[in-house]
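Each of the next two complexes has chain A plus one more chain, namely chain B in the first and chain C in the second.
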Partner chain A sequence: MTLLIGSITIGLVLSLLALGIFISFRIFDFPDITAEGSFTFGAAITASLIVAGVNPVTATAMAFAGGLMAGAATGLIHTRFKINPLLSGILVMTALYSVNLHVMGKSNVPLLSQLTLFTWAENFSVSVSGKDAVTNIIGWSVPVKDLWILLFCLIMIVAFSLLLLWFFRTNIGTAMRATGDNDQMIRALGVNTNVMIVFGVALSNGFIALAGSMLAQFQGFADVQMGIGMMVWGLASVIIGEALINEKKLGLLIAGAVIGAVLFRLLVAIALRWGMNPNDLKLITAAFVFLALVLPGIMNKTKKIKLISQ
Partner chain B sequence: MKSFSRGILGLFIVSAILLLSDLDNRNKSKPGQQINKGGSQAVEGKMYSIGLSYFAPEASHDELLAGLWSRLKELGFERNKNLRVVESHSNGEIGNISSILLNLDNQPLDLILVTSTPCVTAALTSVRNHRVAFTYCSDPIAAGAGKSYKDHAKGISGIGSFPPVEKTIQFILETIPGIKKIGTLYNNAEANSRSVVSLMRKIADKKGFELIEVPVTGSSEIFQATQVILSKGIQAMYISGDNTATQGFDVIAGLCERSHIPVIVNDKELVGKGAIGSIGPGWKGVGYHTGDLVASMLNGASPDSIPLENYVNENIEVNIPKARSLGLTIPNEFLTSGNQSQIVRKQRFALVHYVDSPNSEDCEKGIRKALEDKNLRDGVEYSMKVYNAQGDISTLNSIAGTLVNESWDLVFALSTPTAQLLSKKLTDARLVFSNVGDPHAAGLGKSAAEHLPNVCGVSTMSDFEGLINMVKTLHSGIKRVGTVFTPAEINSVSYREHLEQAARKQGITLVSVPANSATEVLDAANSLVSQRIEAFCQISDNLTGSCTAAILKASRDSGIPFYGFVTKLVQQGAIGVCARDYFEAGYEAGEMAFKVLNGINPENIAFQNVKKTDYLISEQSARLFKVDLTEKVKVAIPNLKIIK
Partner chain C sequence: MKKMLEISNLCKTFNAGTINEVMSLRNVSLTIEEGSFVCVLGTNGSGKSTLLNAVAGTFLTDSGSIVLKGKDITRRPEYQRASQIGRVFQNPFSGTAPGMSIAENLALAARRGRKRGLGWGLPVQVLSELRNRVKVLNMGLEERLETPIGKLSGGQRQALTLLISSWIKPDLLLLDEHTAALDPKTASKVIELTEKIIKKDNLTTLMVTHSMQQAVNLGDRIIMMHQGQIKYDFKGEEKKRLKVPDLLALFDELRRKEQIDNAVAELLLNEYV
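Coming up: the complex of A and B.
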């Protein structure tokens, strides 16, 4: 049960990443690979600020701001200099690698004894239910602390998702969505699509940096290599969520991205729990993701066949 | 909404699969199933109160209470809800017990529960107003609770757990064949110890060995008493459930360890603290069993009508690594788990790599070799579960989540991020790291001795001054050396700084060029060549460790000699290495792990750097690069080995 709760918590933290990727890939149709840089950027900013004694909330907010800047840079390179979106992402991601090393001053910043958002959640748990409190959930004993952290992440993700949903329903948000769907139409309506793209990619990377910031606080350190592979995982989460939800409503798409991220972490946890050869881990994860993508489709098909045969 | 619920359903299904595969971690069916479940349930809405008095806090007593509270909860008595517990202990002093009991006796309580023999004895005289239940007592008859189990003192009833002395002695005799002298140490004032020791004497006569017994009157005398016993030439130490000896067990185990004398106990908690084996009551089961008695007395049953009971729920636990380190083999009959209450502990280890790299793999090999040399075999005495995050930080987090979920005897962390993450998440497990360049920079501790309580390990800082010294000796007047480093690896950056310092001391400039991926290493090496370095002094990190071939190629093509920090480079074209091997680092971590298994708290083990350094020079490469290996060189570098 601790395994389940731990995996869901990591999944929720990383669903911020999925939301970010969802914005750039799905809303804007902009293949943005700044993610791997901005993820670490968020972690680096938060870690350095926390070590310097800054309040964790400010440090997290600064990470979001940093992500916005990184994304804006990618957007500007693409719109101003007409550079291919993939390449502009590569440029910023590569540059961020050095920036991250500068921000941290070294390649790895430990936060083991620092005050983070998660220490607050832990302290809250201690004040409510005592230190080392354990509860029992259908036979598994679970530290209460973990439940509070899970709840904290859940509240945070729900809040961010609702915020995003609200934002994309405002005028500017709708214009942004339209930019991704049909840019000629929206240009005809007098909207500057370039501004929309810059803003959208910035927002996307803000969320990704936020994910990096939260993960660094959750795991207790920031490492310059922590962004590697993140974009692929985020994208996989978004697509799993889509395959599962299979509908075009905005709210459901956002929920799908979050569900996909959590589901993805659960699949990895199952692969780990079954205890296979460590070298096969990624192979098995890939196989799971494949199944998660294919199964809903097969289920739909069998449903249709049934309907026809009736 | 339909599709949303499908998403949620998907989550539920996958969670269910995860939980199903995690079923064996669910709290197992409660111990002591053979208990007749006739205990009486709590009456709704009624408040109950118990006065609990015990001798001193001890691990096995905690276990007993855990069993007791869990049974009471099952019967509807929940602490801080409908059950009030007034708890006090005498801090291990017999003199305090009476006054504590008198205090309890004058409070409005439903029942007084006493645990441990001294408290039982005291309760017989001190408690007047309340009914008394007892448990955690070896021999209630010796404690004075009655003439026999049926004919016992009024107002008191309870559970005795006489230690399986005969079986324990059989265990000692079979584990140490031909043993002549067994020592024991106990407090003469404890009635249970007196009866255990008198039984020991009888068995000694029958089996033909000598029992060396030394009584003590308090825990302060234990050190001296143990020394006395050891000086009498005992071959094994048997500590039964004596409260005083249990409190001073660390002292006894430490002294015996120094004299290579095995310690055998009746209390399994002590197996982790230096005893080789324990045959004793499973206290959790005993506590659970006591729950029924306490419940029925809370509901008004008179203790006079409840006969005393002996309940042991025998539990065998052995520390095989510890036994092997003393050259002992535990006989199979104590290892086969034919009887369900016998538990044999195979040590469970986990080992976590961050990324596939030669350094990390060498470390693992070293750890395995060290364990093998200590006679621990994979699959027999221990099982090692290997995880590899394959360079992905989110996978590393998932691995930590998986590890937290289970209990491990020991966890090995083979990289800086791994050690950082695991030390944060696995605060209950004992952690041994290796392949960590600078544990202080990683936040694992302030100094070698002052560090996180559950973590110890071996750092792999190379011998920079040794290598610079070697280079300086072989190439007099050298001014510029170069290295490729990896900015992304904290070890690499720290090594580069240390190498630079060591070089500067000798008046040498270090030119360093960063590489961030495998493809960049060759370019970086060529860039060093173009900066007119006179020798490569390649530091060792994960990236360049995988790609040293590229740097060696640059060295061969340009005719600039290569020096490094890893043994096998000597065979691959380096002139000389100053090797503190990752294999060696793993080996030392394995030895450290062995100490931890033997009951030494990681808190008390200082971080250490790899001790052994090999200075190796390849004669062939030296000739190729026209470096003279004169006698002078051999004198200037101590312990130099020249490889033909």
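Coming up: the complex of A and C.
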């Protein structure tokens, strides 16, 4: 049960990553691999600031700002210098690797004895229900503080999702969605699509860096390798969400990305529990995304063949 | 009459310096008065669509100038010109965002060329106006405002694009063979709508078309382009008297001239080189 709650919490934290990937891949149709660097960048910024004694809220906000800058760099490289989106992302991601090492000063920064957002949630739990309080959920005993942390994550994610939903319904947000949908049309309506792309990729990476920052605080360390494979991870979450929702409504798509992230994390936890070799995790994730991308096309084809043969 | 659009000595060469070099516009000059409806005819590759795209700002021209309502827009990027120009494209899928609802598409049009901030994208006053304006199309779309535009037919999308391009009265409306991809019945419906919208706001219009019948029926001026130049320009009474056979004859003449040109070039080549 503790494992389950832990997995859901991590899933919620990583749903910020899924939201970021959703913005770049689905809203803008921009295959942005900066994610791998900006995820670690967010973790690195928060970890070093917290170690330096900065308040965790500020440290988390700075991670968001760092992600914004990384994304803006990718967007500018793409729009200003006409470099292919994938390559722009790879350039920034590679550069960020060195930047992250500089920010952290070493390849791993432990946060276990530091004050983080989660220590606050824990302290709150202690003040409400006492130290080492345990509650009973369908026969399992669960530390109350884990539940508080889960609730804290849930509230945060819901708040961010609503904020994102609101933003994409404002004038500028609608223009951004139109940029990804039909850039010719929205240019003819007076929108500078280059600015929209830079802004959108920045926003996406802001969310991804936030996910990195939260994960570092939750697991108690930042590591220079922690971003590897995160883009495919996020994409897998988004795809699961879409399969579940199967609708084009913006609010549902955002909710789908969040639910997909939690579900995917649970699937992974179950697979690891069943004895899957952790080394195979990335291979299986990649294979999963591959199948998810290919299967709809194959299913359509077989449907057509069936229709014809009838 | 006030001048709305003044194009002078416009030149554009694509792929300059390569084997695929094409001189699409050669010293094109054209002045259009306010409220005038101009049809542009021409053979394939005559530069008529290029002329339209040059005015819209899809690319920047090599030389010459474009002045729209007293403003020199020659070097301005496409998105800045959009505050003055409404456009309908040849491809019915180009003018609308398929993943967004009819209402959202039109709300985007309601802010053409204006600042887009954090205000709500679908304000109540736009929504109520929206229903009335969509009703005018007579396609029953006012009941489907929440439908994604991608689910509509080409004709419906082209009709909505017309509405989008003219939601805020543009100084100039550019129509680029906007009925060429539609079936004849839908095309005539869209043309009817085009006339209605242009008449209502007395829009200055530049329309490229393949159909000589359209050119004869619509507008108050016909321009014929050939090899990147304006060859004929008919206005007023002259335009009114013009019929399809006359236009066909002119096209024939242009073609014959081109053949003679080529023949003479070959002759000279054999003679002197």
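We take it that the second predicted complex is superposed on the first by the 275 of 310 C-alpha atoms of A that agree within 3 Å, B and C clash if a C-alpha of one lies under 4 Å from a C-alpha of the other, contacts with A are read in each partner's own complex, and residues count from 1 in each chain.
Everything that follows uses one rule, which is that a residue touches a chain if its C-beta (ideal position, glycine included) is under 8 Å from a C-beta of that chain, and two chains touch if they have at least 3 such contacts.
Here the structure is a predicted model, which is why all the values come from computation and not from measurement.
K.L.:
Overlay done on chain A, so just call it for chain B and chain C: clash or fit.
P.N.:
Aligned on chain A, chain C fits beside chain B.
K.L.:
Report for A:247: first if it touches chain B alone, second if chain C alone, otherwise both or neither.
P.N.:
Only chain B; A:247 stays clear of chain C.
K.L.:
Looking at chain A, which partner touches more of its residues: chain C or chain B?
P.N.:
Touched residues of chain A are more numerous for B.
K.L.:
In the superposed arrangement, does A:193 touch chain B (first), chain C (second), both or neither?
P.N.:
So A:193 only meets chain C here.
K.L.:
One more residue to check, A:181. First (chain B), second (chain C), both or neither?
P.N.:
A:181: touches chain C, not chain B.
K.L.:
Now for A:256: first (chain B), second (chain C), both, or neither, which partner does it touch?
P.N.:
So A:256 only meets chain B here.
K.L.:
Check the residue A:54 against both partner chains and state whether it touches chain B (first), chain C (second), both, or neither.
P.N.:
A:54 sits against neither chain B nor chain C.
K.L.:
Once the structures are superposed on A, label A:169 by its partner contacts, choosing first (chain B), second (chain C), both or neither.
P.N.:
second
K.L.:
Compute the least Cα distance separating chain B from chain C in the superposition and give it as a whole number of Å.
P.N.:
So the smallest C-alpha gap separating chain B from chain C comes to 15 Å.
K.L.:
Once the two structures are fitted together, what part of chain A is touched by chain B and by chain C alike?
P.N.:
No residue sits in both footprints.
K.L.:
Under the definition above, what is the set of chain A residues touching chain C in their complex?
P.N.:
167, 169-175, 177-178, 181-182, 184-193, 248
K.L.:
Residue numbers of chain B touching chain A in their complex, please.
P.N.:
Interface residues on chain B, with respect to chain A: 3-4, 6-8, 10-11, 14-15, 17-19, 21-22, 25-27, 353, 356, 385-388, 390-402, 404-405, 416-417, 420-421, 423-425, 441-444, 452, 487-490, 492-494, 516.
K.L.:
Looking at the complex, which residues from chain C come into contact with chain A?
P.N.:
Chain C residues touching chain A: 56, 77-80, 82-83, 85-87, 89, 93-100, 104-105, 107-109, 111-114, 116-122, 148, 164-165.
K.L.:
Which chain A residues qualify as touching chain B in the complex?
P.N.:
1-4, 6-8, 10, 14, 97, 101, 106-108, 110-113, 136, 139-141, 215, 218-221, 223-230, 233, 241, 244-247, 252, 255-256, 259, 262-263, 265-270, 272-275, 278-279, 281-282, 292, 296
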